[in-house]
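Before anything else, here's the structure in question.
Chain IDs A, B, C and D follow the sequence of writing; residue 1 opens each chain.
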Amino acid sequence: MSTATMLIYCPDEKGIILSVTNYISANNGNIVDLDQHVDSEQKIFFMRVEWTLSDFNVPRENIGTHFGSEVAQKYQMQYTVHFRDEKIRMALMVSKMDHCFNDILSRYKSGEWNVEIPLIISNHPEMEETANRFGIPYHYIPVSKQTKVEQEKKQLQLLSDNKIEFVVLARYMQILSENFIKDYSNPIINIHHSFLPAFPGAKPYHSAHERGVKIIGATSHYVTKDLDAGPIIEQSTANISHKDRVEDLVRKGRDIEKVVLSRAIWYHVNRRILSYGNRTIIFD
Amino acid sequence: MSTATMLIYCPDEKGIILSVTNYISANNGNIVDLDQHVDSEQKIFFMRVEWTLSDFNVPRENIGTHFGSEVAQKYQMQYTVHFRDEKIRMALMVSKMDHCFNDILSRYKSGEWNVEIPLIISNHPEMEETANRFGIPYHYIPVSKQTKVEQEKKQLQLLSDNKIEFVVLARYMQILSENFIKDYSNPIINIHHSFLPAFPGAKPYHSAHERGVKIIGATSHYVTKDLDAGPIIEQSTANISHKDRVEDLVRKGRDIEKVVLSRAIWYHVNRRILSYGNRTIIFD
Amino acid sequence: MSTATMLIYCPDEKGIILSVTNYISANNGNIVDLDQHVDSEQKIFFMRVEWTLSDFNVPRENIGTHFGSEVAQKYQMQYTVHFRDEKIRMALMVSKMDHCFNDILSRYKSGEWNVEIPLIISNHPEMEETANRFGIPYHYIPVSKQTKVEQEKKQLQLLSDNKIEFVVLARYMQILSENFIKDYSNPIINIHHSFLPAFPGAKPYHSAHERGVKIIGATSHYVTKDLDAGPIIEQSTANISHKDRVEDLVRKGRDIEKVVLSRAIWYHVNRRILSYGNRTIIFD
Amino acid sequence: MSTATMLIYCPDEKGIILSVTNYISANNGNIVDLDQHVDSEQKIFFMRVEWTLSDFNVPRENIGTHFGSEVAQKYQMQYTVHFRDEKIRMALMVSKMDHCFNDILSRYKSGEWNVEIPLIISNHPEMEETANRFGIPYHYIPVSKQTKVEQEKKQLQLLSDNKIEFVVLARYMQILSENFIKDYSNPIINIHHSFLPAFPGAKPYHSAHERGVKIIGATSHYVTKDLDAGPIIEQSTANISHKDRVEDLVRKGRDIEKVVLSRAIWYHVNRRILSYGNRTIIFD
């Protein structure tokens, strides 16, 4: 069953839900899911609505503009339209640590997400073999201080050539330059191995051990130009104790990282995230 | 700001959300919260909607019947209407264990819930002193096998005289008779000290210890005639280890029980629960 | 650095710790880890002690008997001796679901556990390809009611030929016969997709959905002749809501299953489990 | 059954466990609990050992010095001796928020901890009534910038007069001066309403909301002169969502704060904490 999903936000005012539901019903769509949220401080209205396409009067390629003139304009809505039967094109960027990488490829293969992974980019050669097994082109693009500008251009070209709709940094151990982030206009999801905002930057497990915390965590977030400061999608924590050395934190942390990153991907792929300011609305 | 909240369920079909939002808008209400759920297996539609009353055209005492004839009838809706500025009348039933009891009274006093507690019923005298401190009438009604029928009548009379809208069993160690449950038509919330359906009935911590589980839990649920088998509202668990003796489980369990019961009360008081069949929809 | 680990239990009495530590010190071992537990109800003493072998006076192959005559006999100890530098031989049994399988192989490859996996047994052919990729012999042994006795003999022969020290059922969807369990004298670890003792047997996610629980869980346990009733090693839970259909429980459950099973394997491989009666002591 | 508990740390070397257990056995004590930890980086040995006093040869008042000369000196041990049958004297400092305060008093009354609370100190008068109910002297000592030095002297005098062995800051909203912390040589336990090191200082729930985190937390720690930077005893987190306003975080956070603080008190009272450098060893 094919459906359309719309993610909407706009200044809050009376009658928005009515207008949207009215539009869908009037065009013979049947709403299968509707969730909304009002940020009452900032007076912003957020909505996710999904409806069946089978009898819908507006052809899918016209929905965007049609909804725009019929409804969105009136309320100054920002909105995007997505179709469940269209696979999203995702790229993976990895370095040497393979736990998130392996977990993602296993889920990919088992069809857990409605995505296509046309390429993997890495600054190390180690994971090429695994990529080959899954039949995914692997681009080894080493990055050094000197070559960064040039190499990022190659990366951006690859993302563009492959029409990548979002990038997942699966423990990619290079900081993307501001330029990269500006040039690549689609979302980039990162996994950071701490419960942000604690322990941003390098070696969070070492810092956690040093500080003597009793919980560790992981955070998936959209990448912005500010390191580890983008909108948070998902977080989780695990209990640790004084018995845990740094290497135990690394081991225990891997299990959280895998789950937190894969949940973020799931939300993103299922069009359940609205990012606004530095926050995310997760329609779960 | 006063609001009306409606909880609705009915067979799923096209146009329900539209009809409800239309009704509210047409009568000059502003929706402040809307959440819906479709049970796609059973084809049932569930909805919670809250709107402002300040400019609403229909007087609050007429909303029920007016909505009934205008909307509900058409869709065979079951629905209830509630008003945020009206305190709900809640009764507490307790025995000897005081952790949930104390926790509830502390929250009550601090105004965490929009409730009035006009009475406490107990089959033991121990907590009268605490009840007195909070200025709540305490009814000591001892129950034995022989006196159960008669004593339950007294209890029911008290609930009726005090117009009690829901009862909370805060570790009340008597099983209410089928008759009681049938006669008292309003909701009864219980806290059971296990993650149901594991370890129903008496002494769940002993059973948990005996079985050697690594987690314990607590479950709040609506009471039905089947012991510990009513619709579950909230559950939580905590990790334990082989070091924990039964008394440690009891100690650790108390902390879960308190939180799980108080969350259930919060959901209930805020009209966020729709109970259907043996399940609950929690609009959180 | 090579170490010996001893797991001990015996009737509790005075002086046991002293005797054990004395034995190790007297033979020039340095204790690097010691943990003990007393079941004060049953008056049983449990201990895990690990010490360095570099300067230890007793050759590793003699430690068992030497400790036996010097210490164990006096206290009627049950004990086992293990060496950290010796890889444990583990077999995997799988069916069609591959999430635990893939997760285990990824961890295996990355060296997370000190194990050797000389073979995989399955009643389905689907995972042979993956096994091949990891270079592990895959034995496809289909099982039907009629062939079960005979096929289990083959399985037992393989386990014996390969000197398998413990078996992991990674969502193996066949119930091992009482005979199998009796004949294979080494530990078998299973993952069950519920928080036991709730929902034993088949289709626990369906039962969980049916019952309307608000948490789901997973349990790893040693296999005994009683289905899903063996000593529990590890359990974990996750919150769910009314929005989750059975397929969502399956999806969310997979993430718990993977982690819970891998933790059980970690404990087992690191000789941190003492199983006694129907319970486990986990020296974490 | 009366027991002695010793908390010990010293440079790690061979034979420490043996010496301690030997000492206890030689003097006819029976070890009921022993736990040890080695910080292998810093080469420090930590131990908690508890033994029966009934037949112990050394009178309790002499154990400290006797053990000192017999064992501790040789290993340069830092150690403390405690007796389970001696109640610890605890003071409470509070301001206006009463959830931790009420929770602590309920647990105190139910005998959950082996403590005596001879006094409550507050910079506000609001909780005097509750203190009176529990029969605990309440000292209202308002603090302003101008009066802080003088008022802290009064507080210190009260703690000293009442032989207070540890202080609990149950959401006491004043920062204790460096002087206070230096002058009061016994432990002070604080509850901070965030998962430190994230969001130290004032208004952590506001900061958490602002940052858009998906989890909130609470941290209990020993107070040192560096604000919110002392050794962490216990932490816990709870999931939140975009729906939660600051006031929801406050409400949900209260439940974590209560549990985290009470667990810290439990560990402290049961002599299960060894604080070393800026970390704690929790013998649970």
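Methods note: a residue touches a chain if its C-beta (ideal position, glycine included) is under 8 Å from a C-beta of that chain, and two chains touch if they have at least 3 such contacts.
Quantities reported herein were computed from a predicted structural model and do not represent experimental measurements.
Using mean Cα coordinates as chain centres, the one most removed from chain C is B. In the contact between chain B and chain C, the residue numbers used by both copies make up over half of all numbers at that interface. A count of contacting C-beta pairs for C-D and for A-D identifies A-D as the more extensively joined pair. The geometric centre of chain C is 37 Å away from that of chain D, both derived from CA atoms. One simple way to say how far apart two chains are is to compare their mean CA positions; for chain A and chain D this gives 42 Å.
Listed for chain B are residues 40, 243, 284, each touching two or more other chains. If each chain is drawn as a node and touching chains are joined, the picture has every node linked to every other. Residue ranges on chain A touching chain C, taken from their complex, read 98-99, 102-103, 106, 110, 112, 133, 243, 251, 255, 259, 262, 284.
Chain A meets chain B in the complex at residues 14-15, 17-18, 21-22, 25, 30-36, 38, 40, 239.
Within the complex formed with chain B, the residues of chain C that make contact are 37, 40-41, 195-199, 211-215, 217, 231-237, 241-243, 245, 277-282, 284.
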